[in-house]
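Worksheet: one structure, shown below.
Chain nomenclature is as follows: A, B, C and D, assigned in order of appearance, with residue numbering initiated at 1 for each chain independently.
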Amino acid sequence: MVKRIPHPDAHVRAARSSKVLAALLSGLMLSAVPALAFEQAPMLDERVESGDLPPVDERLPKNPLVVEPVEGIGKYGGVWRMGMRGGDDNGLVAKTAAYEGLVRYDHKWEKVVPNLAESWEISDDATEYTFKLREGLKWSDGQPMTSEDIAFAVEMFQNPEYPANSNWIDIKDNPVKVEVVDDLTFKFIFDKPNGMLMDTLATINGTQVLTIPKHYCSQFSPDHNPDADKMAKEEGHQNWTFLMQQKCAWGWESQRWANPELPVMYAWRITEPLTGDAARVVWERNPYYFKVDAEGNQLPYIDGLDMRVSRSLEELTLLALNGEIDFQDRHIATNANQAVFYDGQEKGDYHLGKVIQSVSSSLVLQLNFNHDDPVKRALFQDKDFRIGLSHAIDRQEIIDVVFIGQGEPFQVAPRPESPFYDEEMAKQYTEFDPEKAVERLEAAGLTEMNGDGIRLMSDGRPARIVVDVIAALRPEWIDMLELMQLQLAEVGVDIEINNIDRTLFYDKRPSNDYDAQVWAGDGGLDVMQEPRYYFPSGEESVWAYKWQAWYTGANQQIAEEPADWAKEQMALYDELKGEGDADRRAELMREILAIAKENFPVIGVSLMPDGYYIAKNNLKNVAPSMINAWLFPEPAGYDATQWYFE
Amino acid sequence: MLRFLVGRLISIVLTVWAISFVAFAIIQLPPGDYLTAYMAELSAQGERVSPAELEALRRQYSLGDPFLVQYWKWISGILAHGDFGSSFEWKRPVTELIWGRLGNSILLEGLAVLVMWLVALPIGIYAAVRKYSLGDYLATVFGFLGLAVPNFLFALVLMYLTYVWFGTTLGGLFSPAFERAHWSLPRLWDFLTYAWAPIIVLATAGTAQLIRIMRANLLDELKKPYVTTARSKGLPEWKVIVKYPVRVALNPLVSTIGWLLPTLVSSSVIVSVVMNLPTAGPLLLRSLTSQDMYLAGTIIMLLGVLTVIGTLISDLILAWLDPRIRHGGAR
Amino acid sequence: MTAEALTEDTAPPEIKRSQESQAALMWRRFRQHRLAVWSLWIVGLFYFIALFAEFLAPFEPSAYNPRYTYAAPQGIHFIDRDEEGNWTFRPFVYGYKSEIDPAALRRTFVVDRDVKHPINFFVEAEPYRLLGIIPMDVKLFGTTERRAPLYILGADRLGRDLLSRLIHGTRISLSIGLIGVVLSLVFGVIIGGFSGYYGGWFDSVVQRVIEFIRSLPTIPLWLGLAAALPRDWSSLQTYFAITVILSLVGWTELARVVRGRFLALRTEDFVTAARLDGASDWRVITRHMVPNFMSHIIAAATLAIPGMILAETALSFLGLGLQAPIVSWGTLLQEAQNIRTLASAPWLLLPGVAVVVAILALNFLGDGLRDAADPYGR
Amino acid sequence: MPQTPMADRPLLKIEDVEIAFSSPDEADIVAVRQVDLALGPGKTLCLVGESGCGKSVTARAVLHLNDQNAVISRGRILFSPPGDETVDIAALKSDSLAMRKIRGNQIAMIFQEPMSSLSPVHTVGDQIDEMITLHEGLKPREARERTVSLLDQVGVPGPRERADSYPFQLSGGLRQRAMIAMALACKPALLIADEPTTALDVTTQAQILDLLKELQEDYGMAMLFITHDLGVVAEIADEVAVMYLGDVVEQGNVFDVFRAPRHPYTQALMRSIPTIARKKERQRLSPIKGTVPSAKDRPEGCAFTSRCPYAFEPCAGTKPDRAPLGNHVARCHLLTESARKNEVPA
């Protein structure tokens, strides 16, 4: 899969190797004078004196990453309290504490900037990437972090026996090869051009290569430790893969968070792990963390994290209202709660901040283009039908009712903040116009009506669409659908809301027994990484599940040859993935979007309104506005390490 | 008495076996398996798992096996070496995960039962002795309110009100300091400062049932001649009632303890979810939704076993209380 | 050679009383339980509402109005001043003044005492079918003005009238209880009856089964079964499936009651007599035994209904069972299950009150019936 | 008012007592009306009549043991224990201290159903001990000693072991003996026996009766004996009172009453005692026609009117006064009439 470039020209800089990079770095690290005297958190002093910790200068790399604080230099101390949901909530940890890759994004989610790697070089054909690590990086247990760790991680991911996988390390058609030059230098080499690697590495997925420290994890691999299998059996596992998973697994973060021994590069390391019966997950500062502030104080400022594990959203909401949560948006910052949190600000001594959603439309109606029922298939693939539906939806009313006036009518298209924003694409067919709707529906052959005022399909059956939705995921969806149900009934289309649970929602795809499914408009900002609605790019392109199978080749037995326009898009996207030059990639993406706009495959409703986070008033250096996307972790992407308590 | 015990034991073994089977079957009912559930969750968060990885995992966990094979693996593991299998989600032996929480459940529900009895008995007695009096009505209404208010609603309202009035958030069973500590007096105290709320919620639900049974039984007994005899001895009225009819009316009540358990467990699942209590409940709920079959299966089975044991205990208490049973007399 | 001996047809008073008809006797006992009598009325009222929901509810449960999301209850006023300023009976509600608070993301409503919307009875309405059969176009009450707000009990997050939803929810929830109990009765009476009548191995097997079912914690049972329902089922199908699931657990209790009565009656002379007359088992059961404890069954059934209703709410809370757009007390409560509601729209908890009242009433009714069922016993 | 020729100071004197049962949804039922009885120390008075005639109610009233809805609406129940001043029990509250001091202590009672009258979940011993500890404040151990000797006295074999057994482990006879032992525990001045032998088989009946008589001698206590069995009456009574539907129709010295019953009802009863005679001489026992009406539709006048062969106009309307007849009295218009025109129905 390929990543987006948020801002073309920004990307050029990122891409144009070390020359530019130097400038860029200097820009970023004004105050990174080598002579800088490093300071550490008071809580470490004792351990240093007692000698069980080396002094701070030895713990930090030669050239530590200097973080420019958002507001000002902070002070040490305090515990950051938040709430998580339990085993299925490993994502929260990833977004909060685990965003430490070779490179990272800047706060605007535009530039790719150095992180563990202090510099890199890209061959012009985009097949060879050379990275230089900071000198003297150390894992949280004090062991040096070197190129070997990267190589080992890749080796593990590519090991067929070990069921961990990555969307860039071990993809079939263009896997990565690692060449270790020396402890600090290594190369990623690809057979085909991989123009988007830097972006991939800057996303949360890029951190994968730093999750399996060789010195600790190699003991569980039979290739490095002949007794690995025996060890696993003693622990009561079938074979080494289980033990490896339990100790080091990627993808199964719940496992990594469950193993406090696993060395990390994060700002905090786990002391109370996330186990099945955990009531809280506790972290404390990593004394070897490699970042400092402008005055050379080792980060993070905050001593530790305390994550309350709670299945009860009500409890978390109350905790937040009661000022017992220092920063949080995930889970609790819902549309419905906003009024409550707004009122509670004084009592809870917190304030609300802005969270920009990366999704475009708050709801995407995906009709199944590959329906087994030929009549419905024909109908759903009929553009007129979709346009008819779109005109029949009174979007403003939905916005007023469900979002209390927040947002605007919007199709599934890049958000206004995105360089790819195209007003025409975003607004086409969004005006509420029953006449036009009826026109289009009749153009689509729905001329007859039955007694209940439902239009009849070509074979005389009433046009009835069962829409699958997971209300548990976003309560608004049910509300919106209930309104759409009434609105569409007006023009003689009968939709039934089928509120189902996640598992089934996904099971229905391969078995292809669904009329339509509903999801949010991912890819509003991460247009290139997440083109699922623009063309059948992957599993999540539910509107053309068989076409995407044909494209990805993941599930050949259900694959089906796509329409020509879709095939054209696919070709363009393949070219895009290989393209090293950012501008060219942007162009290609625009072509893909143009075709999507022309064919109007899925129906959107309204622009997803901004969300909000809540932060205690004494928590400083918190960016006033953040972007929320999976690929660009929030709040970690905003350097939570330099937050501090006043 | 011995025959009685042996018979009971046999039926217990059978019941437990049946429970284990059904427990396992229940988890298999929903479509898909753990991995589909897992994938669904990840993609809901915007993460990805490739079909390839899923296949690998499915092989790793031998989820492909037919139901009976899986069941056999599980049950034989249990019988052979007390191995309840390991949780998919946590990659840990099931037993590691549940003991603590099961303990909390038992403690919590035990206390709830205690409270129930303390509340229900006096009310029940009063309601029976003063049948159809205003007091009877008030007592019963009060008792039944608890039954009538849906648990989750009660719990939530309680949480909210304590937040509004006392500025504290209920939830959990321990303060951070004692979260992982071993049991000790201070920890018990800490526990009680948190547990009172869920106990109230749980207890109110069952009290009405007890009141009803107690009232009915006592009404029966009050008509018996031996009460008149006692009265004719010159005992004060309260003593007549407490020493004789109440004492006899208790017996059938005792036999309800066993049946109380499953209802309690069920309601505690809901309460625990709302108030985030570290009991078996949420773990069970979670494992059921994530189709973590060995974990869920084990919890359901153990809860079943608990119930069966509960019934056995109440039978034993009954035998101890009621000479007619103890001495195998006419029942 | 006793005093009785010489008056062969002497009948002691007790026996004399029992010569009153069973029904009259029950009614007499029942009336003593005042709470039960009251409950009878309340339950009756509830089922009446459930029956004529469409007529009583001013709106469709799905009818929404974007301008009145989370509108507070208007209350209803009966006495009004007419032009001449003298008091007249003319029910009306006040209008709202509402403004949006963009920061807090909410509408705030103030009752606007200058605007009065009169409430008329038997107003014209969209044609509908009462009980799905009788075509009608009149509702009990409503406002004649177009789009005039009428939220006597307030509105929910989509500006839907809570009162109307509550009324329609009553139908679903109460009927779930009823149907569920009827189903349990069928299982319970048949199984319990036979095991009580024949006893022996059949009885002991049934006993084990019941013991076993009751030793299962119900929640996981429900979870499993509910999760196993084919999800593409229509809401109606799910609705019935849920009732079946609930009764799967519910029948055991009834079976126990029935069995108990059968055991008691089996040895009664009149049963033996009937048997000796060569009446078939079926006849003995249906003609001689069942009538004899109908009252008990009714009582037990009544007591089982509340359990069903609560179970439905619990299931809905867990996100299983009934789900929107079906309107039941359970789903209404589920929607109210959050801090936001408690904090700023407490009226949405009214379905909870409905549940409480219904459960109480049904319980007391059941108690009264049971007390009345066997006048000499408990 | 006629004085029974017993000791000048009767132990128990029931004067014109009326007992009514109130029920929530009917008019009160007067179960017992105008009962006058007197019982001297050490004597035995038998209340005889068909079930439902109010004899038990009357007896229980003496200890306030009737249900709460029964009220003594008229009259006095004077109890004069030896060496103690007279109390009007009717005036006492059921649960009052005074009443409780009398119960079991001065007036004890034994019941018809020895099984259900003993608590099934307490040992016989415990139930007797309680009596003793309650009234005489003995220590449990001493109390148990007394209990054992009592059980021994009432002829329970192996009393010490039996004291530890539960009622259901004893035979009917033994249970009744236990009951008696309990009743005697505090040497009561008066023992009320409510059909104590009815539930027992004939041989046991005899034993129990003998035992009671014996004990009465030893303890010198009076006995109020309720039964419907004329044989029993003949065997133990000094005095007899015949009740019919809440009225005492005839009462007095047992010999007089049995020899010359004057009230038609009593006569009917007597006729029902079969006399041993040769077959041809036997006469058929003639039952009383009709059935006992319920207390509800009892005539204002003589309760027996509806079934009386000699009934005439005053019977239904007015209540007959007591007609003194030598050593006993009866309530019958015939007799009061006969007082004037002296011809009495044989």
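The criterion applied here is as follows: contacts are C-beta pairs under 8 Å (C-beta built on N, C-alpha and C of every residue); 3 or more make two chains touch, one makes a residue touch a chain.
These numbers were taken from a predicted model, which means no experiment stands behind them.
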B-C or B-D, whichever has more C-beta pairs in contact: B-C
Chain at maximum distance from subunit C, centres defined as averaged CA atoms: D
Whole-Å gap separating subunit B and subunit C, where each centre is the average of the chain's CA atoms: 26
Intercentroid distance (Cα basis), subunit D paired with subunit C, Å: 54
Computed distance of Cα centres, subunit C from subunit A, in Å: 48
Junction residues of subunit C - those touching two or more other chains: 32, 227, 231, 337, 339, 343
Overlap residues in subunit B, where contacts from two or more other chains coincide: 30-31, 156, 160, 273, 285
Junction residues of subunit D - those touching two or more other chains: none
Of all residues in subunit B, those that touch subunit C in their complex: 11, 14-15, 18-19, 22-23, 25-27, 29-31, 132, 137, 140-141, 144-145, 147-153, 156-157, 160, 208, 212, 216, 219-220, 258-259, 262-263, 265-266, 269-270, 273, 284-285, 288, 296, 299-300, 303-304, 307-308, 311
Residue ranges of subunit C in contact with subunit A within the complex: 62, 64, 66-67, 69, 100-107, 157-159, 227, 231-232, 234, 319, 323-325, 337-340, 343-344
Subunit D-touching residues of subunit B, taken from the complex the two chains share: 224-226, 228-237, 244, 247-248, 251, 321-324, 327, 329-330
In the complex, subunit B residues that touch subunit A: 30-32, 36-37, 39-41, 43-53, 56-57, 60, 83, 86-87, 89-93, 96-98, 100-101, 156, 159-160, 163, 167-172, 174, 176, 179-180, 273-276, 278, 282-283, 285-286, 289-291, 295
Contact footprint of subunit C on subunit A as seen in their complex: 313-314, 317-318, 321, 335-340, 342-343, 397, 400-402, 404-406, 466, 471-472, 478-479, 482-483, 485-486, 496-501, 504, 513
